[in-house]
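Heads up, the next two complexes both have chain A, just with different partners, chain B and then chain C.
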Partner chain A sequence: MAKFEKANSVGEWLDQRLNTTALTKVLMTEYWIPKDINFLWAMGVLLAVTFKILVISGLFLMMYYKPDVNLAFDSVNYTIMQEVAYGWLFRHMHGVAASVVFLIIYIHMFTGIYYGSYKQGREMIWISGMLLFMTFSAAGFSGYMLPWGQMSYWAAMVITNLFGGVPVIGDALVVWIRGDFNVADATLTRFFMLHVFLLPIVIMGIIGLHFYTLRIPHVNNQKGEEIDYDAEAEKYLTGNKKEAKVIPFWPVFISKDFAILGIFLIFYFYLVFFHYNFAMDPVNFDPADNMVTPAHIYPEWYFLWSYEVLRGFFFDVGPVKAFDIGLAAFGFANVIFLLLPWLDRDTKILPAHKRPMFFIWFWVLMADLIVLTIWGKLPPTGTNAWIGFAAAMLFIILFLVLPIVTKIDAKKRGE
Partner chain B sequence: MSNETNRRDFLGYTFAAVAAVGGAASLVGMKQVWDPLPSVLAGGFTTVELSGLKAGEPQTFMWRGKPIFVLKKTTDMEDNSRDLLIGDDRFTVAIGLCTHLGCIPAWKKNMWKCACHGGEFNPSAEQVFGPPPRPLDLPPFSVKGTSIVLGEEGPEYKKIAAAMMA
Partner chain C sequence: MRELKILAVVVVLTLVTYWGVEPFAHSQMHPHVEPANYNFAEADKETTKEAVTVAKEALEEAQKENNEKDIHLAQVEYDNAVAFEKTMTDFWTANEEVTSLTGNAENGAVLVQSNCTACHSIEKQGFPQLMDNASAAAAYGVVPPDLSTAGKIYTKDYLVAFIKDPALASKVSHKFVDGKIHPMPGYGWMQPQEIADMVAYLQSISPKEMTNKEVFTDACQRCHGIKYGDMQGGTMAAKTPNENIKAYMGKLPPDLSQYIRSRGESYLHTFVNDPQKHLEGTAMPRVGLTNDAEVQVVKYMQEVGDSKKEQREALGPKFLIYLVIFAIFAWLWKASKWRDVH
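Right after this comes the complex of A and B.
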């Protein structure tokens, strides 16, 4: 056993047993961050905070929510919203955070794409990040179902129906996932379990992995410059702070994150108090009814782009049904981002504005995603259907040409 | 290699075998926990009496939580290979969920119209307009006198299902 001496303070007592000094060094005061990064790199901290808000507000909601088809709707819309003191606050905090978390995830993701932060050595950061996006999507969907309103019900109907597209076992798979022939009580209780326990635990695990993946390749910077972290850290520690290209995460870098976090939280609480409606579809204030469908159904805004890719293919091609083409395209849209590190054939890590072709590619992708998002909410009839089709095609083509585009950039630079 | 190592290897392999059997068994158990309960499966049969239906006015019944459309055809509605013949009467039996994205179409005059994206189905449940990729699905049923039992695959069902495949 290690030798324990009488400690002179609580800190010392803990240090002897838990080695807290070394731990804070590794995690905070000697965790090095490049100086050359902008506010877009604060999204990680914003996400961590938003996730915490979701967990805590969720705990408070869980104390009154009842996962039963007969009670769920009233437990949310009556008990939590009217009876529980500040119940409305926790519901709006939860609902708004669930929406905002996707906004930040998208910014985080496209920052990574713009600066090439998924390349050479940072593949695991990218992959664990995409896994987080997927589990967040699953958590968002399973939670959306819980209030048991009309939108909740029909969203669950459509999404579980998608599994019917799996060859051979499709129909049986749908029944198995639902635990009933229809979306029913069994479905609600199992999605409740997923939403409040299994998915959050998985998310926490992947967040741990995501942080860990940063340790070896380190965080990217605005120029994509390769930094010798040991040498730069040495400079900083010997007092040459001005020339060192790195700063410690705590307390130096985090102060910038805090400033941005402050602005974000003001924006977030502004939404919570004055614009919570954007996260609450009016249709969802009708209780679920399996014999009446709302006139027009669509997912929350953050799923619209992939929903539109699914819907975009509305005509059969030869013997292949439109529905199956859409499903295949939808599958493509959901896994293709994972493969980004291998689709990008440029040998250097550079920001998009230093890669002329990729720069165009990036902004076309942005524009396409916005078009998909907008048209995902419009009824897919007439010209809307064709615009949806074109945008969905463009999305797929963009990823098919990415290896060529990035290769050309590298060639032009003479590599 | 020493004896000691072999013994440890043996213990390791034995444990792996026990764990593999236990793991496989629990996977089977976990799969079955998600299966529909017996009470749900038992509720999978619904009897619908057809003699009271008025020609040209479809009725909606609930089976397995899904709407089932039953339409007694009028004489001027077209014949179709999917018609269910009982005596002199022709019926259309269909699951009332739009084959596009699952909305419930409503009967308007002489066809089912889906409000969601404008899909339309004729009295024989065939898609005639809009995005639905196929006719309304046929639920399994068997005929008992003048009523049908939804959830059983009778010979009449098999015949119609085969005709729809062709």
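Right after this comes the complex of A and C.
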């Protein structure tokens, strides 16, 4: 055992046992971040804060929520919203954060794509990030079901039905997931467990992994520049702060994050108090009714793009059913982003504006995703169906041509 | 500068997406309806005329397709629409005669007491309810309303129309076909002066002021519950028992506790004014509320369904002021830390 001497302060006492000085250096004051970054790099901290808001507000909601089909709706809309002191505040904070967290995730994700932050050595950052996106999606979906409103119920119906498309075991799988032949009490209680325990724990684990993956390849920067971190850190530590290309995470980098967080929180709480409706579908204020189908069934806005890919293929092709084509496309849409590091064949890490073809590819993808999102909510009839089909096809084609596009860019630069 | 440009791009993309999935999608999924109109004669003129136009277009469409069966069906629809337009025009023209007369409340008292109190209570005038709610519902299908406040919450035109022909006035004549009749008989056989007198009486006994809750109770609660109005006491359940109202209406009328949030204020106004506008063929009658009474009904739904609105609106600005202060300090701290590195 190490030798312990009498400590003169609590800090010293802890340092002897936990090596807190070294730990703060590694995690904070000598964890180096490139100086050449813009506010888009603050999205990670915004996400961490939003997730924290979700966990804390969720804990308060859980104290009063009843995961029972007969009680769930009233426990949310009456007990929490009207009886519990400031229950409405926690519910609105939770509901709005659940929506806003996806907005920030998407900004974070497309920042990564724009600046090529998923490439050469940073693959694990990208993959762990995408895993986070997937678990957040699962958490969002399972949470959406809990108030047991009309849209909760029918969204659960539609999504669990999708598993029926799995060959051979499909039907049995649907029953297994629901825990019943229908979306019912068993489904609600297991989704409750997933939403309040299993998925948050998994998310916390992957957040840890995601942070850890940054350690070795370090954070990317605006120019995609290779930085010799040891040399630059040395400059900084010797006092040459202006020339050093790096800054410590604490307090320099985090001070910028906090400033941006300040702006973000104003926006977020404005939504919480004055515009919470955007995050809560009015249909969901009707209690679930398995005898009445809502006129239009659609998911929350952040799933609309992949939902539209799913239903964009609305006609049978030969012996293949439309449902199966859509399902395959949906599966494609949900895993293809994971493979991005290998689809991008460019040999360099560069921001999109330095890669002419990729630059076009990126903005076409953004436009396509917005079209998919908007048409994902519209009734899929007439022209809408065809626009959805075209946008879904374009989405798939974009990923098929990505290796070619990126290769051309590299060649043009003479590599 | 560069960061501001990036921010502008992010904001624009976010707003475009927001516009698409909120206001735009909403406009596509919810067809526009005409605003509420409390002149029911005029409102009916417009809607029946529109129905004729729609039926005519459908007929022309069918004729173009040249499918005999479709043409026949469209022709029947069109003839019905034209006939109904005439029925309504005649109905309101006849009512006008009554509305233009000056009623005698004293004479009306005798008429109401001898014709109406067999089924309706008028508690304020000492005519109690003769049966409990369950028995009344079993007898009539739905609990008949107390008439103490009818003169206040319904428009005069509507009262006249309703006394003469309840099904036409409340726009549910489509329900009472094939021998089915409205539980309240029409009093079209009375002299115009007599009807005018009865309406004058109802108006003379009605209170000057009513609370939002009282208006809701008299206008809606015979069929609809609003359980969050008194969650523990349960007094805000519908007065007609579930099985009776279900049989009478065809389905259980929904509890209205969260309707202020699921439907929103403007929908509720057009809906209460004329349920057929949003739900064609619905069994819900046009209640005939005055503009003021309808505002009170929606206000009550808001008091019940969104009871923390005031607290929310009071707390919001304080929260935001605190956050602005936080943001200012955060930017000052940032400026002090980054001064050295640039």
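Everything that follows uses one rule, which is that the second predicted complex is superposed on the first by the 415 of 415 C-alpha atoms of A that agree within 3 Å, B and C clash if a C-alpha of one lies under 4 Å from a C-alpha of the other, contacts with A are read in each partner's own complex, and residues count from 1 in each chain.
Note that in this section a residue touches a chain if its C-beta (ideal position, glycine included) is under 8 Å from a C-beta of that chain, and two chains touch if they have at least 3 such contacts.
None of the values given here were measured: they were computed from a predicted structure.
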Which of chain B and chain C A:N290 touches, first, second, both or neither: first
First, second, both or neither for A:D180, with chain B first and chain C second: first
Partner chain(s) touched by A:P379 [first = chain B, second = chain C, both, neither]: both
Which superposed partner A:I206 touches (first chain B, second chain C, both, neither): neither
Contacts of A:L47 with chain B and chain C, given as first, second, both or neither: neither
Touched partner set for A:N161, first chain B, second chain C, both or neither: first
Of chain B and chain C, the chain that contacts the larger number of chain A residues: C
Contact residues of chain A, present in both the chain B and the chain C interface: 295-296, 379
Chain C - residues contacting chain A, complex: 2-3, 6-7, 10, 13-14, 16-18, 20-22, 24-25, 28-29, 228, 231, 254, 257-259, 261-264, 307-308, 311-313, 315-316, 319-320, 323-324, 326-331, 333-334, 336-338, 340-342
Residues on chain A engaged by chain C in the complex (per definition of touch): 35, 38-40, 74, 77-78, 81-82, 88-89, 92, 103, 107, 241-242, 244, 247, 251-252, 255-256, 258-259, 261-263, 265-266, 269-270, 272-274, 278, 280, 282-286, 295-296, 301, 304, 366, 370, 373-374, 376-379
Complex contacts: residues of chain B adjacent to chain A: 31, 34-37, 40, 44, 60, 62, 64-67, 100-104, 115-118, 130-131, 133-134
Footprint of chain B on chain A - complex, ascending: 154, 157-158, 161, 175-184, 186, 190, 290-293, 295-297, 314, 316, 321-323, 379-381, 385
